[in-house]
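Here is the structure we will look at.
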Amino acid sequence: MKRARIVRIILVVLISFIIFGPLSSLVIWSVAEKWYWPHLLPQQVGLFYWGKVFQGRMMQALQVGVLIACVVTVLSLIMTVPLGYVLARFRVPFKAAVLLIFLLPQAFPQLPVFANATVYLYRANLGGKVPGVILIHMVGALVYAVWTMTAVFKSIPASLEEAAINLGASRIRTFWNISLPLAMPGIIASALLIFLYSLDEFTGTLLVGSPFVLTLPVFMYNASQGYELPVASITALLLMVPGIILLLVLERYLKAEYLSSFGRI
Amino acid sequence: MKRLRETSWLIVAVPSLAIVVWLFFLPFIRSAVTSFQTEDGAWTFQNYITAYRLYAGDVLYTIFVSGVSLIAVLIIGILVSGFARIYGGGVVEFLFKIPLFVPFVVVGHAMRVFLAPHGLLNSALAQIGLVNLDNPPSIAFSWVGISVALAWKNMALAILLILGAFESVGDTFLEAARNFGAGWFRQVKDVLLPMSLTSIAVAAVLIFTSMLASFSIPMMIGSGKGAQMLMIDVYYRIVYQHDYGVANALGVVSYITAMGAAVYYLRSVTKG
Amino acid sequence: MEVRVENLSKNYGAVQALRDVNLSFVDGGLTAILGPSGCGKTTLLRCIAGFLEPTSGAIYFGDENVVGLPPQARGTAMVFQNYALWPHMSIFDNVAYGLRLQKLPKDEIRKRVIDALNMVEMMVAPDILERKPTALSGGQQQRVALARALVVRPKVLLLDEPLSNLDAKVRQRLRVELRRLQRQVGITTIYVTHDQEEALSMADQVVVMDCGEVRQVGTPEQIYRNPTTAFVAEFLGVTNVLAGTLTPDGKAVVAAGTRIPLPADVPASSDHYTVVFKADAAYILQDQPTPQDAVAFTGELVEVFFVGSTYRHYVKAGKEMLLVDSPSRVAGPSVNVVVPRAELKVYPGAPLGHDVEPTCSVG
Amino acid sequence: MFRKVLPIVIGLLVLASLLPACGGGGKAVTLSIVTAGDTNMEELQRNTFGPEFVKKYPNVTINVVGTGPGDAGSQAIYTKLKAQKDAGTKTWDIDVAIVHQSIMGKMIEDGLLLKYVPDTSVAKYVISEDAKNALGTNVEGYVIPMFHSQTAIAYNPEKVPNPPKSYAELVEWIKAHPNRFGYNGVKGGMSGVAFVAGYLYWKTGKYDLLSKGPYDKANEAGWVDIFKELKSLPCVITQGNAGTLDMLNRGEIDMGPVWVDMFILWKNDGRMNPKMRMVLIEPGMPGQPMYVVIPAKAAHIAEAKKYAEFICSPEQQAAVIVGKMGWYPGIDATKVLPNVSEEAKAKLFGDIPAETLNKYGLTFPLTPYMQDMNTAYEEAK
């Protein structure tokens, strides 16, 4: 037991270094106003770049990104809550085929497919525009939402609904009065995760939206590729905030099945 | 489960299906079809020949980097999950959940500044005399950097899935082994691991595909020298050379690799 | 191996799972630890096995205090309620596991595994060694689990509700076999159960626990016939538990409207008493006078159930509902429930106010 | 619970449906300026030219989009304009674009550009060779060079006291100092391409042929071998134009090809150690102009012309391009330099004197040659 405690302490220190080491260099760069080699730490530290970031294009990217994420979340929920319910409750024709199509985007690399989707979107004159970015985000979000919604509704015992139908409630009414309120915690949890997915989406936004529609990840990517390291680092720190908040809030509800598609943004 | 015979339920599926079909299923088919076409639409294998000539090494490199990262992730993931399962997770578990919520681009950028030759890691190691800064090892801008970043990002997912599987193994199975003197490692090796193989294989496939398909991380900390990750080649082929034929041929190679991994693992698991 | 527990306590934060337990287990015999779920019996077993470290106290195996030793150094072997056979290993590998960890030669391992499986009568089919545990029935799995425990020749055998996942019929048969086997190998055995019938029928010694404390230790007969506390009395058998109050003169207790003289060994120190008698110890009279050495409760017959071997009568007497088992159906409505004085136990303190439920929330 | 969420849902939906309509609107003109190049190009428009222009024309607001470095940045602009042309859109949503030379061929061929230069007051100053010919495409009338940029070798004088004067000396230095020279290949921005092109000019000695034409694949014999030799040198491959600058500043390399304009900007911003210097080596390295163009169906053609006129006026060129940024002017230098302070001139020609620039400031190869050069570079393993 004592050995386990020592191992645990060593482990925690080591893991903290592994997890926070890379992140700490973001913090240092975010306040570095002047940093020439061979100085190991910045020669001049300050919040100059923080001010710069908050006045510049970043705010615009943030606004656009949040707007896109809101629309994606709402549309995904509207489309997948009924669908998830049907998939969870009924044996219906073509179910396997439908589920297979919703499995595809999980099973294959997105970039080559999205590159071809971009051709379609540009043909429809949606390329480089916010609706186009919303649509490409919807692909990932929908897949994720369909699977979690189905899981959420499956976790509600059918007997609770049968009890209501037994008392004379219609299917629709039962869904409204019984299933939906019971599913609400699950729906809210996955709504938050869809929101975060859209906020963090990179590949699709880069292909479809960039450079005309910039969200925060693409903005950060550009800044990093341009080696504006303080700007990129500040944006990177800002990008982590929603995720960390969600992690703290949702920690208890983070079930593996909700998250399995999440490491793949 | 109630049986509905009507196909009218598809009405609720149509909006979401339409989007996924239009922007994933059809582009997927298109990429496969155009990989066999010239720019003028004639049928050809030329794209694959060019892809093979220019990028055969990159395909192997991608599989190598993804494979190494996957093995690292699995080994660490299994050991940490095993520790957390037997002695309790707590802080360790929480810390490892953090990377799950750090976007890929942020990981790429953070690793680039952290692992650069004169980055924070080398500077810190130089302070305790482990690294000579006049000739520092460049972890970033090499396959090691890509592997480290990919492993860092995917570790959270691996631990989430593996620990989930480990938790579902009852205490008594472990105690029965402890009773005979099985230590921590043997409990993991003899009991937890074999009893969770299916879940671990699923996690491995998910993670491997994700690594194979990684784009922003190798873009930011990969080396311009030598072999490239496959997605970088696809991206450059499209954005710089506007050559959808070869890019799609590479895309098809990546689909097949991803599928191959899935089929191989699922089969070996269900059979063995 | 003589096993003794001295002043053993185990706390989980503020919760006391074991409170100052002192026990000695029959050397080479079977001791059953009986109690409702959450009474601390499993905690005690796991402390002995070494899966839990006690907060304080000592556990002696012979003269050696084993507290602090890892499980494998104690020479115990445990059998679990859910069998805990590793599903990915064959029967042979399961049983051989402990021997392999001891790095015994292959031949010897094989011989001992087959011996152990023979002992539990599991060498039933030629291919049994290669089968996976999931191909076996529950009873068979538990036999294999027993073989896995016995094959390492433990000094102490620990059984954690080993039969409670099994069908009633299989359970009955395995009880007999387990007992026979235990006598044959003569290993000190500690058997945790919540089934009093199991405890009473199998054990040399029964320990009744509640709330992390030992309530009574004795032979099955002593425990059943002379429960020394209200809890033990309540826990064993189909029992009537009545609330009683002391009469002003301090010589008797009134329960269900009937005056019961206070037995000589019960002090008149409490306002409230618990009166207990077993359903099969009482009988029903209608008009006949009450015998001398008995107490009669007057009440109304509410319902009679046929429960197989007897008729169970429900008699409402005052606020209490009395249970009386009787070989024939008695007609009501007004009846007298007669209990011989010797069968009537009176304990100081109010009843716990429940049937056989945990009295405390202990893990 | 759902009843409470419903209004929010509907509200967001309405918002979403209105979103595409929000682009234009309003009486004031929003001029959409799209620029290729690194972020410095974007910031130049957004923070310097834009506000100055708005002071002069208060009814105009400026919206600047940067499309990223290298050919890809210009390609993005082309793709967008082409999509709108193919979709038959009446007006396009780019008013002024600032692009590289390499995209001009396609843009003019597809009829995406307006021949606007003669309508402007600065037409008479647009005299450079660049303004007539972009890598073999006749661009006269379609473009005004906003500025001319040049690549050069930047170095750390502490580590490289005697900088090389030619590619030959540079190669010797690289061999003597493994992994202390870095460039960004041919994928990550044009400074690497320029370095590779200069190497090709040196090895083949065919600068005139490659830069003026005609195109003949026969001239490409032996390229793969030349690049194999280049790739066998112990060089570091950096992450893009800015990556070279960053590694130089971080002391991770001692020398590398850079864009002069970016190098000076980094110094001005304090992002680059002021001690670093540049040298232009023999037989020379390519430079290129950034062109100001106006799409054929720009929504605000009048304002767009005014904007182009404004940023290419001798005053702004003197004040901003040369004076503030320290870059080479895009229009007739004789009309610009007199308005520039001596200090700024000294800065402009500090590391690379005007005569060196005239001698070693080359152009990129013609577009087909350049494409083949990149492919040959990729193929050399």
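A, B, C and D are the chain letters, set down in written order, and residue numbers restart from 1 in every chain.
Here is the rule we go by: a contact is a pair of C-beta atoms (placed from the backbone, for glycine too) under 8 Å apart; a residue touches a chain by one contact, two chains touch by 3 or more.
On a predicted model such as this, the values are computed, not experimentally measured, just so you know.
Participant: With one step meaning two chains touch, work out the least steps from chain C to chain D.
Facilitator: When the steps are counted carefully, the minimum from chain C to chain D is 2.
Participant: Which neighbours do chain A and chain D have in common?
Facilitator: B
Participant: From the centre of chain D, which other chain's Cα mean sits the farthest off?
Facilitator: Relative to chain D, the chain whose C-alpha centre sits farthest away is C.
Participant: Count the C-beta contact pairs for A-B and for B-C, then tell me which is higher.
Facilitator: Comparing A-B with B-C, the pair joined by more C-beta contacts is A-B.
Participant: Just the number, please: Cα centre separation of chain A and chain C in whole Å.
Facilitator: 54
Participant: Need the CA-centroid distance for the pair chain A / chain B, whole Å please.
Facilitator: Measuring from centre to centre gives 17 Å for this pair.
Participant: Quick one: report the Å distance separating chain B from chain C, using the average Cα coordinate of each chain.
Facilitator: The separation of the two C-alpha centroids amounts to 54 Å.
Participant: Mind checking the centre-to-centre distance between chain B and chain D? Centres are C-alpha means, answer in whole Å.
Facilitator: A distance of 36 Å separates the two centres.
Participant: On chain D, where are the residues touching two or more other chains?
Facilitator: Within chain D, residues 239, 250-252 contact more than one other chain.
Participant: Hey, what residues on chain B touch two or more of the other chains?
Facilitator: In chain B, 112, 118, 220 touch at least two other chains.
Participant: Which of the chains touch, listed as pairs?
Facilitator: In this structure, the chains touch in these pairs: A-B, A-D, B-C, B-D.
Participant: Along chain B, where are the residues that touch chain D in the complex?
Facilitator: 53-54, 57, 112, 116-118, 136, 138, 141, 220, 223-225, 236, 239-242
Participant: Would you mind writing out the residues of chain B in touch with chain C in their complex?
Facilitator: So the residues of chain B in touch with chain C come to 170, 172-173, 175-182, 186, 190-191, 194-195, 197.
Participant: Please output the residues of chain A touching chain D within their complex, sorted ascending.
Facilitator: Touch list, chain A to chain D: 33-34, 36-38, 44, 56-57, 67, 70-71, 74-75, 77-78, 122-125, 127-131, 134, 176, 180-181, 184, 210-212, 214, 222-223, 225-229.
Participant: Where on chain B is chain A touching in the complex?
Facilitator: The contact residues of chain B facing chain A are 1-7, 9-10, 12-13, 15-17, 19-28, 30-31, 34, 80, 83, 87, 91-92, 94-115, 118-121, 123, 126-127, 133, 152-154, 156-157, 160-161, 164, 184, 206-207, 209-210, 212-213, 215-216, 219-220, 231, 234-235, 238, 244, 247-248, 250-252, 254-255, 258-259, 262.
Participant: So in the complex, which bits of chain C are touching chain B?
Facilitator: Those in contact with chain B are residues 49, 51, 70-73, 76-78, 80-82, 84-89, 97-98, 101-102, 145, 148-149, 152.
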